[in-house]
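Think of it as A, B, C and D in the order they're written, each chain with its own count starting at 1.
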Amino acid sequence: MDLLNIDIPSFNNKHKDLHQKSLGLAQAISGKDNDTFLEIIEKVKAFQVAIPSWALGTGGTRFGRFSGSGEPSTLEEKISDIGLLHAINRSSGAVSMHIPWDQVEGDGQEIKAFAEEQGIIFDAVNSNTFQDQPGQEVSYKFGSLCNVDPAVRAHAVAHMKEVIDQGVKVGSKALTVWLSDGSNFPGQLDFKGALARTEACLKEVYDYMPEDWTMLVEYKPYEPNFYSTVISDWGTSFMLANALGERAKTLVDLGHHLPNTNIEQIVAVLLAKGKLGGFHFNDSKYGDDDVTVGALKPYQLFLIFCELVKGMNEDPSLDLAWMIDASHNIKDPLEDILQSVEAMKLAYAQALLVDYKALEEAQANNDVTLGQEILQAAFRTDARPIVAEARMQAGGAFDVIKCYREAKVRAQLTAQRGTEVKATGL
Amino acid sequence: MDLLNIDIPSFNNKHKDLHQKSLGLAQAISGKDNDTFLEIIEKVKAFQVAIPSWALGTGGTRFGRFSGSGEPSTLEEKISDIGLLHAINRSSGAVSMHIPWDQVEGDGQEIKAFAEEQGIIFDAVNSNTFQDQPGQEVSYKFGSLCNVDPAVRAHAVAHMKEVIDQGVKVGSKALTVWLSDGSNFPGQLDFKGALARTEACLKEVYDYMPEDWTMLVEYKPYEPNFYSTVISDWGTSFMLANALGERAKTLVDLGHHLPNTNIEQIVAVLLAKGKLGGFHFNDSKYGDDDVTVGALKPYQLFLIFCELVKGMNEDPSLDLAWMIDASHNIKDPLEDILQSVEAMKLAYAQALLVDYKALEEAQANNDVTLGQEILQAAFRTDARPIVAEARMQAGGAFDVIKCYREAKVRAQLTAQRGTEVKATGL
Amino acid sequence: MDLLNIDIPSFNNKHKDLHQKSLGLAQAISGKDNDTFLEIIEKVKAFQVAIPSWALGTGGTRFGRFSGSGEPSTLEEKISDIGLLHAINRSSGAVSMHIPWDQVEGDGQEIKAFAEEQGIIFDAVNSNTFQDQPGQEVSYKFGSLCNVDPAVRAHAVAHMKEVIDQGVKVGSKALTVWLSDGSNFPGQLDFKGALARTEACLKEVYDYMPEDWTMLVEYKPYEPNFYSTVISDWGTSFMLANALGERAKTLVDLGHHLPNTNIEQIVAVLLAKGKLGGFHFNDSKYGDDDVTVGALKPYQLFLIFCELVKGMNEDPSLDLAWMIDASHNIKDPLEDILQSVEAMKLAYAQALLVDYKALEEAQANNDVTLGQEILQAAFRTDARPIVAEARMQAGGAFDVIKCYREAKVRAQLTAQRGTEVKATGL
Amino acid sequence: MDLLNIDIPSFNNKHKDLHQKSLGLAQAISGKDNDTFLEIIEKVKAFQVAIPSWALGTGGTRFGRFSGSGEPSTLEEKISDIGLLHAINRSSGAVSMHIPWDQVEGDGQEIKAFAEEQGIIFDAVNSNTFQDQPGQEVSYKFGSLCNVDPAVRAHAVAHMKEVIDQGVKVGSKALTVWLSDGSNFPGQLDFKGALARTEACLKEVYDYMPEDWTMLVEYKPYEPNFYSTVISDWGTSFMLANALGERAKTLVDLGHHLPNTNIEQIVAVLLAKGKLGGFHFNDSKYGDDDVTVGALKPYQLFLIFCELVKGMNEDPSLDLAWMIDASHNIKDPLEDILQSVEAMKLAYAQALLVDYKALEEAQANNDVTLGQEILQAAFRTDARPIVAEARMQAGGAFDVIKCYREAKVRAQLTAQRGTEVKATGL
């Protein structure tokens, strides 16, 4: 945190005049009255997205990895990096741990206090049953919760319970379950049996959770399995969440869909049925590419946020888990995350600008042209002044990338940590 | 029927020797004992797939249609064509009507008797709320059951009730509901409201059905709507079917999936949950191409049939609605259907040849290589002798296309009906 | 044209103040100096996109069509509709005829003069060898230029020559060739032979073209053929264009690609090789959905325009054929086109705002983060004031949809032409 | 090789009777006369497919790898494993080296002799410019031949020359070039410049090749880059191959295509233009899944082989490089390869059974139904007896998987090499 040797208010001050003009104009173009406009700024200010601990290092593909430098190697260092991000953007005030890549030492009070100092809380914890750990007595090669071998299933369930235990220590309230379980070939797996075994194991984990915890059931159509995945789509996740109980919900990862899926509709349906639990944000063109949020399909991102805003308007108590889940293969991971969070906030701000009353009327009249005009009017509005205003009010920087670069953060991290350290994770 | 001026036993007799040898060898290769092998033949013999009334004429695309000749223009003529098919292949003993393209006159006894003469029964009836009929007082332009206008919804519900009424007259026991409802543009439709309205209307129709009827809820991701479809995937259909009641089930149309969907897994899951209602068979490479069954992905077809056979083994009372739903754009529709039914029977026969006990063992041992070997051994077996034997035992032809061509059926139909008649439908 | 009973200057005047502020801010945010900013406005002002004659009526799908009202039924009426659009947006000053749906009477001078009065010129002409016309002696059922029957090929070639003849009369300078030729089933077509026949026929048409004409060879992966298309991708079109000669080029239709294709890269490669001929603009989510330009993937549209701007910067003489090719199934076709052209102009304006010098530097430094920042800075800029300014300077309306609606154009057209008239075409 | 402690003739003898009957029947069903049938067997016997050195160990995904045991760690051990496969299937008589994972020591005569002993020759050699090697002075992080930095390009070119040098020593005659070069984000790369740099570098490598060498230019749409790939499709590869010269050809990897691509058409077009160079065989459902050949789409594989057989019929001198390129993530790699080669031979045999004369006639008559019947008749034929006969005549095993398992090869390899050794490669 002391790495951020930059005077943010002075940095911001340089952009003051243009910013004030832009902000005024954004309001004028939006046609919102003062109160409404201020409320939008407040909502953007309150927006927080969790940073997964594994996203702070360089990612890779099956063809290799091109490591960066100055990467964090301990949970402290990871939280410290997130603290840095949060100081700049004021919207990254949470960490999502991945166990066993992360480990909570002792009763967790020390790490919790360390995080609190930097304004960081502990969001959902993630289990890992898709990799064998060194010395692991059983193997997930043929699946974890779906495995035909009860010993493997028991091992995976025990691991998930331990993840919950660790999460409890630091104040997490949710377990994210992503299972890579599935098959690579026809004939390898009995679909029905695999589903039944998975459900039974999840039930055991669900029952183990403290009463104020939520289970987030993630789905994915393929990869790392290339023929079938047990929890392959929202329908399967929804079915399982219904079977498990009220506190089991579906988690949507934007990259976990077949080509051309209408994700915003899935979001709306899950919201309508009270089963949307959270999000893994990223962007993609081909598959689960895990690139920077908003880098390729910003309009889709906006449409998803429109559904979320509608959902939150209908039920202000709606509590969703927002998380980035990207792989930073060629960019500085911290820059990548700053860009991702920025894209989310812009999409959120634009979604807040939509005139939903007018939209409902257009829909009631089947006025398709007007419906499109209303949505696109919001999307075409330059929302950067709104996001910048919200961030500056919260003590963050006018421009996140410029601020990060002026502070020469990566050079300092590299000087401190060296070029050879690799973040744990994939 | 008297069009089939061909002596099927004599026709078959010509192939007798090679057939007997092939059949014996098929059994030897399959490793099945006599009883099991005969049982397989019996099952193939019992296999019946309904022919939709609209599939007997030439289909088209939005770019146009290249009509054929001798097409049927009345329900009688359509049933007569199906009778012809059934006489040849002994597996097309049912018609699936589409209302209002078909109309049951009076109390239906006449047409029912006419069909019975040719061994044809009436399978599921289909409603049509995706097209406006001439003079229709309201329009489905912006949806039917999802429409924001209660008058349109009421019209669609009334139509579905009428379809049930007509079906009752001729002995149908199921209503297939395919809704093209959806939207072409973001902003056009409120996803949540559209789903709620659809569910409410379906409930009204469901409650109207006689107690021995089933409702088959079809899903489709896109087309004719190009942004969203209300019932877009199996998950939505399944959710609706659960909400409607025990006699509502999901109907799977092979072409109604996003690229790369694992359809056989969906089939297995629906079977596991007791919600698989029936099938629309066809094949496709790009979208809902509606080409001849088995023309492009025969192995996928086989894998689907493996799930069906497993399901029927577990629950012999399983009663599924099998139907072809293809568009015959450039082939003689009757030849196209003959090829489709043949492909289904071959896939079924191969699926019956699978050694499921050995497969289960391989799965219990995570023996992936062996699992593949077992499935592919069945698929690589030439199942034509088994299908031919089953058909000939039932009085059908050794080779369906050759028989149809030797009888010069199309020329006779053209002579009788002319070249200008178009079958009703799309 | 006299239908547009609206005083555009007065209409515009109402938005004057906010517009002037927005425009000033757009410049400030863009960081462009005065001259550069004015140049951008000039370029947007000069932007023209041809309207295809078939896009003025309601389109449909294979499942049917929901007709609108007041549709044009003659070439004059179609040109008149385009004149209306052009009066509002000042960027639709060209018509693209489709023969035989359109017919040039006599020597064409009358219709040419009629068009000129409204500021409309004749862009590329389109042939139609994918539909049989009433009374046509041969059929395109099994292809046109690829057909195994020389008589069919000769008929198609003769038609294309006639299309050129008609185009010459009215001043067109290009022939767009879209062939639906292909196959629905494996085994139907010999790929090699079909390609050779197609090339030979195209050569004959190419040689027939006047020396100042260009041939635009369109490609499409599928539909209406569902197994193979002879000219299926840019590679095939490019290969043919090379074989035909210098004046044969590739035409890119945005909807004619397999899922996830990187279209902007294709555009860049064709530009690099001097073989990009023109564009059919539309948008799509699933296939060749032909919905309003920019309705779904505005960022992709922007990226394509970035490549075009770079290409035009490198070679200011670059002469591309821009055309809309959309199907207006549920919107008023004129509103749909207004939205499409607007989306293109916004994307163009944003692409003009990109700082290409800075981008080149970022690329030279492999500064991936910065490259994204530069592109997104332009895309996030509200370009509406720039487009509005350009349009108003040219005499057009501040807001195209609002202007069209205030003038109640559709009601007038309906009063004049009735509700039953259907535009020729699909 | 001495590992194969199994008496193949005795093993084969157990299946003799059923085999002879099956073989006779296959001929009877095929309708081929004796000479033709024997010729088919000869062709299958002559079929050889190269095994890549990296395919002998367990592969993985970006999520991890589940290693097997007894994997080869030196080039000798890899060749030894291929020798084992070849002894069983008699069709794996070539190795495809990957440098720097493999290294030819000295003048290569020793390893060449070692290979020859086991009937193994050296097929195309592969370069690797997608991974940084330890201590590498420049990085491929931002591309190799497309890199903006001339030093990186020079390094990659030098590596490719060295690969050629190593290949020359052992008698290879072709260089396979797969470039992962591309970009992950819009703005990262200038498409035009990247293509020009790539072409220039390839030209330098092409000119370095001995005169009897061929360059095989591979294409791939995405992965490991997720926005663009420089050589993304066959069109780009074809364009480059034309620019490079006569001995540059296109290599088709079955998994390197966008969803739904018609690969058999690409094969036919490349054959028609004399630019098909070779194949990487594998199978996939979603992306470049690299699973066992024929495991998912055996009919597509058959259709590709039909094009190849037609091409070889037209030009018997056609010399294509056939190679497997799969990743064996959960099966024993040797079993996986045995299954892959078997699937290819079956597809080849079935393609040889097609009555191409009748097919041409059907095509000349636009008899679509018959065209399908002809292809499917061959595909539905059980080709296993033909393949088994060809293999047994060559000294191989009746059933490759059963033979491998009875010999307990993996257990022996594990005893010899241990469980911890990892094959070099991905």
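Assume a contact is a pair of C-beta atoms (placed from the backbone, for glycine too) under 8 Å apart; a residue touches a chain by one contact, two chains touch by 3 or more.
Chain labels with UniProt names: A, B, C, D = L-rhamnose catabolism isomerase.
Quick caveat, the model's predicted, so the values are computed rather than measured.
Novice: So using the touch definition from the top, which pair is joined by more C-beta contacts, B-C or C-D?
Specialist: More contacting C-beta pairs are found at C-D.
Novice: Tell me the angle, as a multiple of 5 degrees, of the rotation that maps subunit A onto subunit C over the C-alpha atoms.
Specialist: With C-alpha atoms aligned, the rotation comes to 180 degrees.
Novice: CA centre of subunit B versus CA centre of subunit C: separation in Å?
Specialist: Result: the chain centres lie 40 Å from each other.
Novice: Centroid from C-alpha atoms only, then distance subunit C to subunit D, rounded to Å. What do you get?
Specialist: 43
Novice: Touching at least two other chains at once: which residues of subunit A meet that condition?
Specialist: Within subunit A, the residues that touch at least two other chains are 141-142, 184-186, 188, 221-222, 227, 259-260, 262, 285-286, 292, 295-296, 330-331, 368, 372.
Novice: In their shared complex, at which residues does subunit A touch subunit D?
Specialist: On the subunit A side, the touching residues are 59-64, 66, 130-132, 139-142, 180, 184-186, 188, 221-224, 226-227, 259, 284-287, 289, 291-292, 295-296, 327, 329-331, 426.
Novice: Using the touch definition from the top, list the residues of subunit A that touch subunit B in their complex.
Specialist: Residue list for subunit A touching subunit B: 141-142, 148-149, 183-193, 195-196, 221-222, 227-228, 232-236, 238-239, 258-262, 264-265, 268-269, 271-273, 303, 307, 310, 359-360, 362-364, 366, 368, 371-372, 374-375.
Novice: Can you name the residues of subunit B that touch subunit D in the complex?
Specialist: For this pair, the touching residues of subunit B are 18, 21-22, 25, 28-29, 259-260, 262, 285-286, 292, 294-299, 330-332, 335-336, 339, 346, 368-370, 372-373, 376, 379-384, 401.
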